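Let me begin by presenting the structure, written as structure tokens, before commenting on it.
Lettered A, B, C, D, E and F in written order, each chain numbered from 1.
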Amino acid sequence: MVYLTKRFHFSASHRLYRKELSDKENEKIYGKCSNPNGHGHNYILEVTVTGEPDPQTGYIMDLSRFKEIVRSELIEKIDHKNLNSDVDFMKGIVPTSENIVTVFWKVLKHKISFNNIKLHSLKLFETENNIVEYKGK
Amino acid sequence: MVYLTKRFHFSASHRLYRKELSDKENEKIYGKCSNPNGHGHNYILEVTVTGEPDPQTGYIMDLSRFKEIVRSELIEKIDHKNLNSDVDFMKGIVPTSENIVTVFWKVLKHKISFNNIKLHSLKLFETENNIVEYKGK
Amino acid sequence: MVYLTKRFHFSASHRLYRKELSDKENEKIYGKCSNPNGHGHNYILEVTVTGEPDPQTGYIMDLSRFKEIVRSELIEKIDHKNLNSDVDFMKGIVPTSENIVTVFWKVLKHKISFNNIKLHSLKLFETENNIVEYKGK
Amino acid sequence: MVYLTKRFHFSASHRLYRKELSDKENEKIYGKCSNPNGHGHNYILEVTVTGEPDPQTGYIMDLSRFKEIVRSELIEKIDHKNLNSDVDFMKGIVPTSENIVTVFWKVLKHKISFNNIKLHSLKLFETENNIVEYKGK
Amino acid sequence: MVYLTKRFHFSASHRLYRKELSDKENEKIYGKCSNPNGHGHNYILEVTVTGEPDPQTGYIMDLSRFKEIVRSELIEKIDHKNLNSDVDFMKGIVPTSENIVTVFWKVLKHKISFNNIKLHSLKLFETENNIVEYKGK
Amino acid sequence: MVYLTKRFHFSASHRLYRKELSDKENEKIYGKCSNPNGHGHNYILEVTVTGEPDPQTGYIMDLSRFKEIVRSELIEKIDHKNLNSDVDFMKGIVPTSENIVTVFWKVLKHKISFNNIKLHSLKLFETENNIVEYKGK
């Protein structure tokens, strides 16, 4: 089993808040991340799949196809977007890194699993110092 | 003359658009950067001052003071903010990197110039691949 | 289960040696790391905790609190210090990266474990090319 | 058990192709990576061993010895080389990252295993965005 | 005047040698860089232009157009190529970093100069430790 | 004229203080950098020379020779050392980054200047956020 990882970049804005709470309550929970007009990040997402290299090609998976799937299913829908209002699969979800990474897992899981390939982990860098990882369980 | 640079990080959202234009016209000029709900970045700002080291202390400028000035005059006003709506000195200005860096220059210039120290340049990284620099003229 | 990692920076000096050995013997074992007057590093420490995101907040753990605990319990005691002589919990321990990371584990383990949160791993970068990781067993 | 990782750099050229196929067929499978005259990368290889720190030295393994083994057994044979034609243990193998990392495992496994030390993983960065990892099974 | 820089990545192979010299003589001059079957790098190229921001758009130059020019005129011709044999404008030139950067200058200079915009510098990273810069004179 | 830069790494300890002052006075000026037992850094030094590429070799300067001069004249004397006590040319000098870089200039200037090559600048990274540069005047 070899683990194959591709890194993707996207720039997005978000605001951490729950609409049933007041601005004051949201600030207590989310601090400056609850600023009403939002803020943003250059996110990095590492997508890791695992499988056995094909003895003919030497590939676990064609890299261009891997890249194309993640770009069309995920990155194009979130890059240069507002994660609170512009992204269908984020609707109603507080866009903490923890929630983002588990939602992305659901989006990608069935798109990127084939005979011999399995989605293994997603690692999201909100900044270079704040990182979350999810492995599907 | 020695050049002393400190790097600062801030996360902000912005939208590139001019309010006198339609969404379509803005998209033609600014592409996906004109998305109506904005997007965001982890900006890095390098502030460089120049001067002669004090023969006693070996410092051009006390680093803590340097950091404190830039933080209180600039970073605290832009970090975790929306550059279109939350920042007084950005009001009415299209927040392209070019405009941001020339406005920041005006904000910092007189705060960070002393007897022997001069603001030399500001370098802004919107992403690691898009960079602008300004030297005051 | 989501893994949440924060990176911390600290600058410290150290000398690798055992006081029962001669300088020559220490140099044989530790090479230039046993230089009698010490040397130093910009260390990076990645602290990873694991838990389930709170369904209300979307957080595993409040990031500010996480940061505050690691800063007050650990970073403030080691940053800009000499690891051989200035740090209580390092007394009598040869400050190799392996020893540092297992000692830090003991320091942090009970401070950062709560109902649903567990310290998962510590990863220490002495330089960008020398890295140790410890998972508590 | 502590995990100890060292990063190594090497610059090499390669071409992805199978000699029984035409240039056209190779291009279909390997895209621009099958360019007949090859291309190249600054590869980074992370070698991780695991073991218990020696209670006397505080080391899992002497770092200089670790470095020396990996350099003489592996890096000197691949650095500034063509991976298709210049490297004995790569002969007849399509130099995809997946294949490179599993071949390197065989080269290093018995050279770097001692009483208390085991090769744990190899992580190969072809570029900062394309990464493979292998743990020996 | 604002300086605007974009970073581009390309992966290429090369061999440093002069065909009128023997392999031995080439090795004396170029060391392991003269390995007959070549080696390769992940190059990074920083292209910097300078000009005054347009008071309407806030741009020196439309970033997409900038990117498109450099990609079509330069990057597509060198990425995943052999710099000795595959690139028209490199024919007959020893592909040292110094020569690469001055040739690239000639390729880009007239393509990227407009009314108010001037090519200011090219900075080429062969590795993160070997860097050349050229400003056209 | 092409600018050629090589990056060098060294790990050293230092303490910022003047011996004619009390610990309290030193702390007032140098803050935690005056900790009596010192602290340390992984410094990065960028050495830039400038010249015209030799039309035969395509080199400004043989890279191995460049590296060898800087290593033997400078890096070997400061790496894994204490900058206050172990380095001849730093004796009596407060090892601020400003002072380090101007002293290094004197050490290297005459060693690295040849017919067509001139030392152009030294850039010292104490951390990735604190940077000084000196150009000899």
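Definition applied: a contact is a pair of C-beta atoms (placed from the backbone, for glycine too) under 8 Å apart; a residue touches a chain by one contact, two chains touch by 3 or more.
Bear in mind the structure is a predicted one, so any value in this text is a computation, not a measurement.
Here the chain-to-chain distance from chain A to chain D, counted in touching steps, is 1.
Separation between the centroids of chain B and chain E, computed from CA atoms only, is 29 Å.
Averaging C-alpha coordinates per chain places the centre of chain C 42 Å away from that of chain E. Shared contact sites, meaning residues of chain E that touch two or more other chains, fall at 128. Contacts between chains, counted with the stated touch criterion, involve the pairs A-B, A-C, A-D, B-E, B-F, C-D, C-F, D-E, E-F. By the touch criterion stated above, chain A contacts chain D in their complex at residues 1-8, 46, 53, 56-60, 62-64.
Listed in rising order, the residues of chain B touching chain E in the complex are 16, 18, 29-31, 93-99, 101-102, 128-135, 137. Those residues of chain C lying in contact with chain F across their complex are 9, 11-14, 32-33, 35, 37-42, 79-82, 84-86, 127-128.
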